[in-house]
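Can you keep this structure in mind? I'll have questions shortly.
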Amino acid sequence: MASQAATRTEPGPAAAAGRAAEMGETLLDVQGVSKSFAGLKALSDINLQVKRGSIHAIIGPNGAGKSTLLNCLIGLLRPDEGSVTFDGRPLVGMQPHKIIQRGIARVFQTPQIFPALSLQENVAIAALAKRDGQFALTPHESLRPGHPMMKEAAYQLERVGLGDMLDMAAQNLSRGDKRRLEMAICLAAHPKLLLLDEPTAGMSRHDTNRTIDLLQKISETGMTKIVIEHDMHVVFSLAERVTVLHQGTIIADGKPEQVRGDPKVEEAYLGGAHE
Amino acid sequence: MTAQAEQPAGAAAGGQRRRLPAPSLREAGIIALFALIVFTLPWWLTAIGGYEALATKIAIWAIFALGFDILLGFTGYLSFGHAAFFGVAAYTTGLMFKHVSGDVVLALLVSIVVIAVLAAVLGVLTLRRAGIYFAILTLAFAQMFHAAALSIFQEWTGGDNGLTMSTKPALFGLPMQGLNVFYVVAVLLVIGFVAARQIKRSSLGLMLRAIKENSMRLQYTGVNVWRYKMIAYMISAMYAGVAGSLMVVYEPYVATKFLHWSTSGEVVIMSVIGGVNTLIGPMIGAGFMLYFENVVQAFIGEKWKLILGLIFVLIVVFLPGGFVDGFNRIRRALGIRTKPRRPNVPDAPETMSRYHDSKNTPAQTGSDN
Amino acid sequence: MDFDALFTLILTGFQKASIIALIALGLSLIFGTLGVVNFAHGAIYMVATYFAVYLVNQIGFFAALILVPPIMFILGIAMERGLIRYFYDRPHTDQILVTFGAAIVIQEVLKALFGANNIPFAYPSWGLGPLPLHEYLPFLDSVWFPKWQLLLIVVMLVTAGAIFALLQFTRFGLVVRAGMRDPLMLRFLGINITQKFTLVFGLGALIAGIAGVFGGPVTQVNPEVGMHQLVPSFLVVVIGGMGSLSGALVAALLLGMALSFSADYSAIQQIAIYLVAAIVLLVRPRGLLGQKGVME
């Protein structure tokens, strides 16, 4: 099931936005979501629509409720009020792997990979999960280097620039490369939605730029991306739409330029506009 | 299935990789070598102070340990309750021999089915959560079977005295005595080894190994991790069951000790001493431990268990990869190239130096690039 | 059933829970704070019984009472310093393996030194015989309960109470409780957590020491005792919820009651604890009082 799309560089956020506008469909629809923990209201009345094919950023200072929102978005947490609909269907209370099978891939704050396995094996796992679903009994199927799943893995690794290190143990990668590996794992799943959880957290300026380049490069038509971030530079280089979260509520939601100039946003970020 | 020797694209291990023969040929060679060693075990074991019956026992425990490695080595789940499968299969076989017939094949098949069911039930109870729970729960439920065998099921198991029978087991009419038993066990061991190696190189094996590496990542890749854990658990249980069953073929007597935690402990110890996640390691551990118990004990007496316990602790502390890892380290120190594969031990920093010449900067600098 | 019989059954439940409760308390403390599953804890209890019986036979019971807990405290510290602390950063599997190995070694050392046979631990003369409870509790008609078993219950309650007081009212206890919730946070706050770890492990061993002194006559003294006590203690910790001390106590009591009330059905009694464990875990996987997300 190797993707036929060649490594195509996206012309830029504007064109992608244009395409999404044509399709006009909302992939992720969040209506009136609230969530409290032990008396503390983490999220209040969140309304959010993520357009199919767009790159949507959710930003906010630490403690704004981004993690909680993320977990509600993908159905890990059940909101106290409101609903979350993904691709037309509700997404709440499912087991993580079932949520993922619906077409979501997640990149974690700290790159989550399979350390002692080779890069190729790392990505092959995702390819196999895509092909077989949640479970398949395949003890007869030997995974030699020429196996279709291994080839798919090699292809994805090539796309993220790790194509010449297929055999290397993943734990030996630098942090930046681990992030790329994780990206390749997600790509192999051909997700409808790619969720990036502070992908540039703790990265140097250099690495952050490389990550931004990578994200732009790997845009597949139709693949929606939600980026949770608090690095402004990342957000304004990538996103077509920005939602700003502060103390559990949305204080701004719109195009990057609109949000940038919003005084409420500046106030919330007082003293911490960008790294 | 392609049979060519494809060099994995961009092998970063340096250009001097030797040309390997076709994978399936290599595999056949390894199996053949293994079979040779196993089938000649009674002879070379005797040469180093052992005896024929010991060879059979070693082979039986090798099967047990092999299956155990599929669970511990691949998925990283440490079961302290595999005695339950070993013992229940032994009792099932014993009861089959005693009350039905001495047919080995029938007894084996029935035992395997019973064990599969048992493993399914126990798996549901113990596998839902992380490894720590699992270790404790497997220990507990195995102890339950032990207690039950001594009390509730005393009538069938013979309680403290064990289960005795006068039936002479036979395989397709061939009486199971002397070397006959050994060959039956040896054949099953080789089959078990082939199967285990196949699982390891299969896509199923990859998923199992992924569980150990990062089960959360696996979950977030859409995989139903629990089902794979169940499969690994059931497979390892069935290996244990075959071993327990063969034990009764070897010696028509079932002791409650088969269900005791010490039996579970023994397979853990031999697997770790030999080296988990190597398939060969646990089998070597089985041989080592049984040799120690039966041969070395003659020299040092009762203290053999203490010595073995100390060896176990020392290995866990200093050489977690077991004998196999120790062997590989010696080979590396002598300059002999070992397989350029990733380490099976969590903290083995040697591999980093192998990849320094790639354009990747070393990971230990802590910087992002 | 009349009230007397019910009362006796309940009291017996407490008694059966006592030794397990004390061992489980130490286990839970060590796991909750250090995150280490101490497979050697039963062996530690066993060592305490050996010390106790030796001192009782050589000097007397009160010598054992005074000396064994501090000795065990020191031994616990030594064990933590010498072995356990090197495993904090290693995977849980390795921690289990090394403590299991330690348990085996301890068992074999004891066997080598003192033989495999049981060493009789006699009840002290003042502890022998039954106490007429109805003379102290007016609502009872005629209830006799063995003195020693009563003492066990008292010791268990007093020790548990002391531990809870320690955790609740001292600074040390505050740090330990915080460490049980969020060990990383403590490090960031600059609190010397490793020192606390050592003390907690010693404390766990001390509690096992107390259990050994009073439990010795009940469980007897032989190399099998360690593992024999470990399994139910572990189960109790799991049933109660990993990381919850009160949960461990509640679960121990639950177990004690189950054993007591099923005494007439000896077959069930043997597997009672496992049935209870299975039921609790199926219905409430995190344990009775466990926190959600701990080891889930």
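By letter and in written order, the chains are A, B and C; residue numbering begins at 1 in each of them.
Just so we're on the same page, a residue touches a chain if its C-beta (ideal position, glycine included) is under 8 Å from a C-beta of that chain, and two chains touch if they have at least 3 such contacts.
Given the structure is predicted, the values throughout are model-derived calculations rather than measurements.
Undergrad: Measuring between mean CA coordinates, which chain is farthest from chain A?
TA: C
Undergrad: Can you check which chain pair, A-B or B-C, has more C-beta pairs in contact?
TA: Answer by contact count: A-B.
Undergrad: With centres defined as the mean C-alpha position, give me the chain A-chain C separation in Å.
TA: Averaging C-alpha atoms per chain gives centres 48 Å apart.
Undergrad: I'd like to verify one number: the distance from the centre of chain A to the centre of chain B, where each centre is the average of its C-alpha atoms, in whole angstrom.
TA: Chain centroid spacing, chain A to chain B, equals 40 Å.
Undergrad: With chain centres defined as C-alpha means, what is the inter-centre distance between chain B and chain C in Å?
TA: Each chain reduced to its C-alpha mean, chain B and chain C end up 33 Å apart.
Undergrad: List, in ascending order, every residue of chain B touching at least 2 other chains.
TA: 346 - these are the residues of chain B that touch more than one other chain.
Undergrad: Identify all positions of chain A at which a residue touches two or more other chains, and write them in rising order.
TA: Residues of chain A never touch two or more of the other chains.
Undergrad: Any idea which chain B residues touch chain A in the complex?
TA: So the residues of chain B touching chain A come out as 1-2, 4, 6-13, 23, 195, 198-199, 201-207, 209-210, 213-214, 216-225, 227-228, 231, 340, 342-344, 346, 351-352, 355, 358, 360-363, 367-369.
Undergrad: Would you tell me which residues of chain C are touching chain B in their complex?
TA: 37, 83, 86, 90-94, 96-98, 100-102, 104-105, 107-109, 111-112, 227, 231, 234-235, 237-238, 242, 266-267, 270-271, 273-274, 277-278, 281-282, 285, 295-296
Undergrad: Could you list, by residue number, the parts of chain B that touch chain C in their complex?
TA: 72, 76, 78, 80, 125, 128-133, 135-137, 139-141, 143-144, 147-148, 150-152, 261, 265, 268-269, 272, 302-303, 305-306, 309-310, 312-313, 316-317, 320, 346-347
Undergrad: Report the residues of chain A in contact with chain B in the complex, numbered from low to high.
TA: Residues in contact with chain B: 95-97, 100-101, 105-106, 108, 112-118, 120-121, 124-126, 128-130, 132-146, 149, 154, 163-169, 171-177, 185, 189, 202-204, 206-207, 210.
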